[in-house]
Amino acid sequence: MHTFPDYLIDGYRNFMTGRYSSERERYRVLADNGQQPKTLVIACCDSRAAPEMIFDSGPGELFVVRNVANMVPPYEPDGTYHSTSAALEFAVQSLRVKDIVVMGHGRCGGIRAALDPNAEPLSPGDFIGKWMGLVSAAAEQIQMNDVMTPGERQTALERVSIRNSISNLRTFPCVRILEERGKINLHGAWFDISTGELWVMDGKTGDFQRPQV
Amino acid sequence: MHTFPDYLIDGYRNFMTGRYSSERERYRVLADNGQQPKTLVIACCDSRAAPEMIFDSGPGELFVVRNVANMVPPYEPDGTYHSTSAALEFAVQSLRVKDIVVMGHGRCGGIRAALDPNAEPLSPGDFIGKWMGLVSAAAEQIQMNDVMTPGERQTALERVSIRNSISNLRTFPCVRILEERGKINLHGAWFDISTGELWVMDGKTGDFQRPQV
Amino acid sequence: MHTFPDYLIDGYRNFMTGRYSSERERYRVLADNGQQPKTLVIACCDSRAAPEMIFDSGPGELFVVRNVANMVPPYEPDGTYHSTSAALEFAVQSLRVKDIVVMGHGRCGGIRAALDPNAEPLSPGDFIGKWMGLVSAAAEQIQMNDVMTPGERQTALERVSIRNSISNLRTFPCVRILEERGKINLHGAWFDISTGELWVMDGKTGDFQRPQV
Amino acid sequence: MHTFPDYLIDGYRNFMTGRYSSERERYRVLADNGQQPKTLVIACCDSRAAPEMIFDSGPGELFVVRNVANMVPPYEPDGTYHSTSAALEFAVQSLRVKDIVVMGHGRCGGIRAALDPNAEPLSPGDFIGKWMGLVSAAAEQIQMNDVMTPGERQTALERVSIRNSISNLRTFPCVRILEERGKINLHGAWFDISTGELWVMDGKTGDFQRPQV
């Protein structure tokens, strides 16, 4: 069969001689004691928006779910498997994280697809179409708005979707209860790939602003 | 409401003065032209096993799905949303990645839960229990083996699960067809958090070995 | 009859002009004073895994039993002769070794035979079949597991067998008593012929890990 | 529990930087292709008489059984396990070795025990006593001889025992048949620890002589 890609082996070599070499002991302790991240980040799969890069995080710091368009579905305790809900449950109940960050970004391909009235299914299964259905009601409203530019509509839905996911987080009993008790905090953030700007959500108003850095 | 965590703002400041500062142009181009990663990595949410760290990857290189225990479910084109399948479809059909890497790691909490005969649901929804059901048949076989140590059983299931996910990848028509045409390659990898070792799967035998680095 | 093989005479000539020549005095002292090895190694007959090579040992250092698959049978003080038990008794009671190492290795032909469900007796006496019966219960458990690869099952049984032999060592009263008194230590090791890696057993968990070298 | 002995780890480090480093490829090929030794050596456990040292052998050359006093028991296809017979069967029937060498040596502790009329069992199991029973008839004859010195009696029994083992080898049908067909050759050798001299047996007379080196 195929051999492992050379460019990944090259990168791994850099890791071993670089970060691993200088943090060997930290990895060993993290292996022996287990991970104890205090943060869950729900981020997008996008290759330009890895949360460890944006937050310059080291091993053991961020427990990270990545799906298309960084979405959290609502609480649905049915019989089937739910990837994101499982990760959420594990982070909250087993790892007892203190902060949950829903982390969106500009130029998101999933959000673009959700706003495209002519979008065709990518495959007969239409998995993207169904997944983006999580924001279809909001997408329809924004699509009808013809006074905003396409760019503005995209940024708008990216941020609406973050608020939507935070609302869905609160449909999970464990999240809602822990937030009420002050044990867990929910946050929104949006990263502008083009400028490197981080915008964070005001928990009260839902507005996004650039923090003082 | 709550303010954005200081430690994340601090990390973001490091990013801006560090990597972003030296790769400002790369981010701008990636924003203007869109991402063109040639690799999809399906990795675990674990805070100790970020694929960008292990492969020392820069922005635009890896399209990354992260769920508990880095699993791919089988092709199920039903009416509901599937987070991982949607990301897979997007990576293969829209981004046209060339390599798909299923990336497991040692001391995986999800795999440990799957092997624990006394595991209780973490919440009434039991999302982890249902999600880990994707490897329950293999877990049962390995649980029955009482001559291997708990550590050996865990490593065994971590690797079985990678092969299982690669088999499931091939149930997606788009993956199977593109692999047959030589347009896409499937890989397995397993990262040892304690030692920093990367083990890669032999596509023919399914065995894991350390590559020459 | 036949003359002694030339290639062995050639090797002996190398020994005389090489190691013997530089260690002549050491051999003389070892002959006069008798051997006083502090280590018993139970190793496999395999031509690729001589313990003196792997541990770079000189004359007088290792007292070495070698049988197929480096096994120790349980204590059976019946009327018949037992090759390995006799050597163990001699090493512990007469030579008073301090360390006992059960030394396994990868790609062991005896272990492979034990895992082969279609293995035929090599001769009417079926000596290998009976000898490998010492691990047949473990082999059956591992054979039933069809989610691990043949290579993984082989490595698993190689390591299980080492732990099994260490357990059997403790059925010998002299070993058990001396270990309890801290006079003797039991160790497991596994050598990877392909990579040259040595893995040593954690006495507490039974897991094998590579030592810091 | 106890950690692996430092002196063995030190030796292993020497092996890795020495022989393994210069024969890396040979080990890899031996791992991939399997061992194909053409020689079975039945040697003593004695720490001063490792056959790989005396014959300066490399990996893959000698398949080595080591028991106390390098003995081969007679063919006994009963229901129990026989360590040496199993190794013999494996070497002859599976590996198809061409030469079998019974390799004795001077100052053998097992032979000394067999000649000691006051020898006490080393433990209640008396495994050495039973094992050396394989040469007890010869030992009794030699013990009665009071004109030879103790040293001469010991050398005598060491050599008688080698001839005895070669006779026992011929009780195994597979050995006898292959020897008759000229497919396998049986040899005796005796190593003098004190002087480094190798003596080889004349297959016709049974006498031991030093070969031309």
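Note that the chains are named A, B, C and D in the order they appear, and that numbering of residues resets to 1 at the start of each chain.
Just so it is clear, contacts are C-beta pairs under 8 Å (C-beta built on N, C-alpha and C of every residue); 3 or more make two chains touch, one makes a residue touch a chain.
Remember, predicted model here, so these are calculated numbers, not experimental data.
Trainee: Taking contact as defined at the start, I'd like the list of chains shared as neighbours by subunit A and subunit C.
Mentor: In this structure, the chains that contact subunit C and also subunit A are B.
Trainee: Suppose you list every residue number at the subunit B-subunit C interface; are over half of them used by both chains (same) or under half (different)?
Mentor: Answer same: the two copies use largely identical residue numbers here.
Trainee: Can you name the chain that lies farthest from subunit B, using the mean of each chain's Cα atoms as its centre?
Mentor: Comparing chain centres, D lies farthest from subunit B.
Trainee: Mind checking the centre-to-centre distance between subunit A and subunit B? Centres are C-alpha means, answer in whole Å.
Mentor: That pair's centroid distance is 15 Å.
Trainee: How many angstrom lie between the centres of subunit B and subunit C, each centre taken as the mean Cα position?
Mentor: Computed from C-alpha means, the inter-chain centre distance equals 40 Å.
Trainee: Calculate how many whole Å lie between the centre of subunit B and the centre of subunit D, each centre taken as the average of the chain's C-alpha atoms.
Mentor: Chain centroid spacing, subunit B to subunit D, equals 53 Å.
Trainee: So which stretches of subunit A touch two or more other chains?
Mentor: In subunit A, nothing touches at least two other chains.
Trainee: Think of each chain as a node with edges to the chains it touches; is that a line, ring, star, complete or other?
Mentor: The chain contacts form an open line.
Trainee: Run through the chains and report each pair that touches.
Mentor: Going through each pair of chains, those in contact are A-B, B-C, C-D.
Trainee: Help me check something: in the complex, which residues belonging to subunit C touch subunit B?
Mentor: Per the touch definition, subunit C meets subunit B at residues 137-138, 141-142, 144-152, 156, 159-160, 163-164, 195, 205-207, 210.
Trainee: For the complex, give me every residue of subunit B touching subunit A.
Mentor: 1-2, 4-5, 8-9, 11-16, 18-20, 24, 27-28, 30-32, 34-35, 37, 39, 45-48, 50, 52-57, 59-68, 71, 73, 75, 77, 79-91, 93-95, 99, 101, 106-107, 109-110, 122-128, 130-134, 172-174, 185-187, 189, 193-196, 198, 200, 202-204, 211, 213
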